[in-house]
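Next, two complexes with chain A in common: one pairs it with chain B, the other with chain C.
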Partner chain A sequence: MGNIIKTLDVTDSLTGLKDVCDLENGRIAGKIFYDQAIYEQELEKVFARCWLFVAHESQIPNTGDYITTTMGEDEVIVIRQKSGGIKVFLNACPHRGNKVCFAESGSTRGFICNYHGWSFNVEGNLVGQHESGVYEDSNFDKSKWGLKEVAKVDSYKGLVFATFDPEAPTLKEYLGPIAWYMDALFDNQEGGTEFVGGCIRSTYECNWKIAAENFVGDILHAGWTHDSAARAMLGGAVAKVSDFEESYSVNWNGHGYEFALDTVGNVAVLGESALNKYLHTIKPSVAERLGDFRSNMIGSVSSCTIFPNFSFLPGQNTVRVWQPRGPNKMELFTWVVVNKSAPEEVKEKWRKGAMMTFSPTGVFEMDDGENWEYCTKTAKGRVTAQQDLFVGLGMDSLLTETPLPGNVYEGQLNEANSRAFYQYWYDMLNSRSWSEVPNRNVGKPEAE
Partner chain B sequence: MEVIEKVFLCKVSELAENQVKKIDNAEFGDIAVYNLGGHYYATADLCTHATASLAEGDIEDDMITCPVHWGQFHIPTGKAQGFPCEIDLRTYPVEIEGDEIFALIEADPALIAKG
Partner chain C sequence: MTALYDELRPVSAEQHYRITHFLNYEYRLLDDERFDDWLALMHEDIHYWMPGIENRRRENLLEHGFYAADHMAFFDDRLRDLGRRVARFQQPSAWAENPATRNVHQLTNVEVYYGETDGEFIVYSTFQSVRSRGLDEEYVIYGRRQDLIVADGDRFKIKKRLILIPNATLTCKNINTFL
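Moving on, here comes the complex of A and B:
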């Protein structure tokens, strides 16, 4: 049995951190996007503590199937066990720390380190070494030197998350009522979802929070930033969000979901009428499964980020992780998600559509990239970094009489989710343990 | 002159179907005894590639997979199936007497697996 990582060093929060966020007044400082010391605190207090998305169950159906990914900057292996469960190990040999798996995905009986031939089975146990006799002569206890296992692994509707922190709340508690909204994409049909195609990887010279916050609740940018892309794909402008009769921003524990109830606004930008048709075809069965309200969300103008760095767009069906690679560098991992039960040609159209729009050469993705890079780069200036940035839209829009779960705010053109995201980030950086993280949720924890 | 030694391995009742069992043997080297769908086989237990007990490996059809580097051997013939195993495994004829399984081992020192 590989030993589970039990303790994390926690340093005190930075002096001067107080000045970087004032969310009650809708202000953040540009500094949070370009500061090495803040970044190092993030790796320790956000990425080594929170639940992070690591895989979709469909990527590793059989014993020994694995993918490699990162949790923050820590490289990990996610592997299916004989028991049917999933384990996540550090991708580092416990002898000299060498990387033990170099492939992005595959199926194996185990991993053998290139350096001294330490060999680990699917369960992470150390089963052999080159010249194993000399270890035996040193009274070496093989059972103590397996691959290091992360503290907790759990899944929600096929999405596998892991955390390094044994003190972390359960995944269910962590996601809270946002899970209820996630079902609109991940549980709208019997059989659930699967990823199609591989992982698309690209690099940006931007801070990871800019991207995560864009998906947590910034539909505002779409009508302006993506105007030309929408005209190319749709032959017309992006839907005018302020014209929607009903739309919401909902958040919880720093996660945020913003959505309209127009069913197909997001999927329309893929320019594939067969996908609009598919969503209209399944809508009655979704209504039966999830109720009328969520059946309107399956491909609507919407986006979501699960704190800190897991995001998706219903309709475009792009799923992504914004991997931190320094304060001003981010690696983006992107996948395409589809209903398992969807016809093959529908799955293929989604894969193609997502590539045309939200991949490194996709027309929407390119629109965002430059903006995000310059939001980061301007903060290189020591004076500019001190500049207050406005995050104050919709300060008084909390809905207190709604039946919807979560902290619910009226309208999508609203920075309530962005504020909640930065507030949670700020709270994590100021907390030495999970018990110190303040609970700022005011809404219902569950759907009625 | 060749001498065939008849070495007791275990009882039939001790070896379930598609199982392998390691029998300690200081003289000839440890022996792995297999039950493949009611047919019994015996091979050297020590992998010919590195230090590993094959009895700790997995049986798949008529192959045994080494638990350390996942090389494979064909159980009935001992044939190494590919990298990193290049040397075939020594096999022993098996004899069943009532409930007891025996290996027939040629006691030629040159052929004895080192254990």
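Moving on, here comes the complex of A and C:
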């Protein structure tokens, strides 16, 4: 089994983390956004361990279709197999480590390394080399030197995830009840979803966590940060979230979904009435499929992050990964998701609408970036980096009597999901293996 | 695809001067944040398009090589969309525009040819956009452009703009300007 990946030796946890991440008291400190030693630990204990989003099934429909991406800072190839399955390989040649696939996507019968000509098939097996005779003279065993395969690959409703850690829980256990809420976007119609072609990538001078946390449960910023964009797109301010009668923050294993039940609050900011209309048209069939409750979430004021760095906005239909590139650098990969069964004009309006709002030229996103960069950069100051930052909204808002699955908190204007996100991050950094990660979930693990 | 010289009909030196002058003027409006005046230079049927650039192998190219009309884009705008972007810049609550971003737009390698119909001109050029914010932030975007300019009385309007950057990953966080 030469193609099986070597796992990392675990290094000791950092001391003093509690000083900069104390969630029982609703406090973090900027050091967690700027410190190199903390970042090194994240690469090992978060990104080399957790399930990470790598592709949507629709991006690689046929045998040999591939995309390349990164898991943490590790480069990987995601490729469709003859069997219909998907494999994920390190994008590094087992000879001297050169990158074997330089393209971001395409279709191929295999990969040939540019350096000494090792060639690999779709299954990742080494099938030939330039000057192959000399290898035979050295009793070389080809079967041991294929591309290294990640420990596990699995998918949920078209979303493909992978993990480097063979001891990771199953994807189903990892997502837990958050999967039930994800269906509001990824499984609201027969046939499921697909990605629009392409991927827009941009570069931020910020820590990845501040962005991931923004989507895990910070709707609080929207009414203020995005006032200008809302006025430009809607001709007025964004909906006042505190006016919603019913809204929730739900989390599990550090993932978080915050949402209202207003059906079209998110989609409305795209300023395309045809999209509001589409959602209203499909809503009765969504109610049949997922129940009334989730039919109110298909494009409502809502956002979600799956720990650590996969996020999406129902309604705007932007899907993204916050790729870590150092403690104070991040690459943002974005895609647009649509229902496969939606009319072409509707898909086209989403392609453009997501660009108009949440992309590097998007009128909403333009206001987020600077905030995230300076939340990171202020922590360059050693003294500043140690100061307490308040994450204490909604400390006593846990709902214990709710029929909803997950750890359910009342209201969206609530930092419960942010706390849960940082708590899980803290727990990962303090655990030497998956079995040491404490279970802090208190809600129902499944929908009733 | 670059047309060969024989197939192109270059305009006179005077016409070249007038159109280059117009495009430089357009860029100066952007540097001065005169967005309404800038918007007024757009034709009512403007298609302002900056596709996303995909790093693909030669045997896996798209409709237009590194980009395709139905793939993701930075801009794929009509007049209404450009108007919305301008409206966002002009809101007093555009917090991230105060202090202002300071812009320098440059246009070079300008070639002007007659278009298919009278009063239409095809302009190829290269551009560089430098933005600075705060005390020390600097963002540079460069690329190639193809414009379709139409005569409008003794002035001009921009009917199509195709903006192509070489980067498959944008080297900065946003494009809070026009190119």
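Observations on the model:
We adopt the following convention: the second predicted complex is superposed on the first by the 445 of 448 C-alpha atoms of A that agree within 3 Å, B and C clash if a C-alpha of one lies under 4 Å from a C-alpha of the other, contacts with A are read in each partner's own complex, and residues count from 1 in each chain.
Just so it is clear, a contact is a pair of C-beta atoms (placed from the backbone, for glycine too) under 8 Å apart; a residue touches a chain by one contact, two chains touch by 3 or more.
None of the values given here were measured: they were computed from a predicted structure.
In the overlay built on the shared chain, the residue A:S202 is in contact with chain C alone; chain B does not reach it. When the shared chain is aligned, no partner comes close enough to touch A:A268: not chain B, not chain C. Applying the stated contact rule after C-alpha superposition, one finds that A:A103 touches chain C and leaves chain B untouched.
Touch criterion met: A:S132 reaches chain B, while chain C stays clear of it.
By the document's definition of touching, of the two partners only chain C reaches A:R351; chain B does not. On chain C, the positions that touch chain A within their shared complex are 50, 52, 54-57, 59-60, 62, 67-68, 70-77, 81, 84-85, 87-88, 91-97, 133, 168-176.
Listed in rising order, the residues of chain A touching chain B in the complex are 109-110, 112, 119, 121, 127-128, 130, 132-133. Chain contact summary for the complex, chain B toward chain A: residues 50-52, 56, 65, 67-70. Residues 102-108, 196-205, 225, 227-229, 231-233, 271, 331-332, 334-336, 348, 351-352, 354-356, 359-361, 363, 365-367, 369-371, 373 of chain A touch chain C in their complex.
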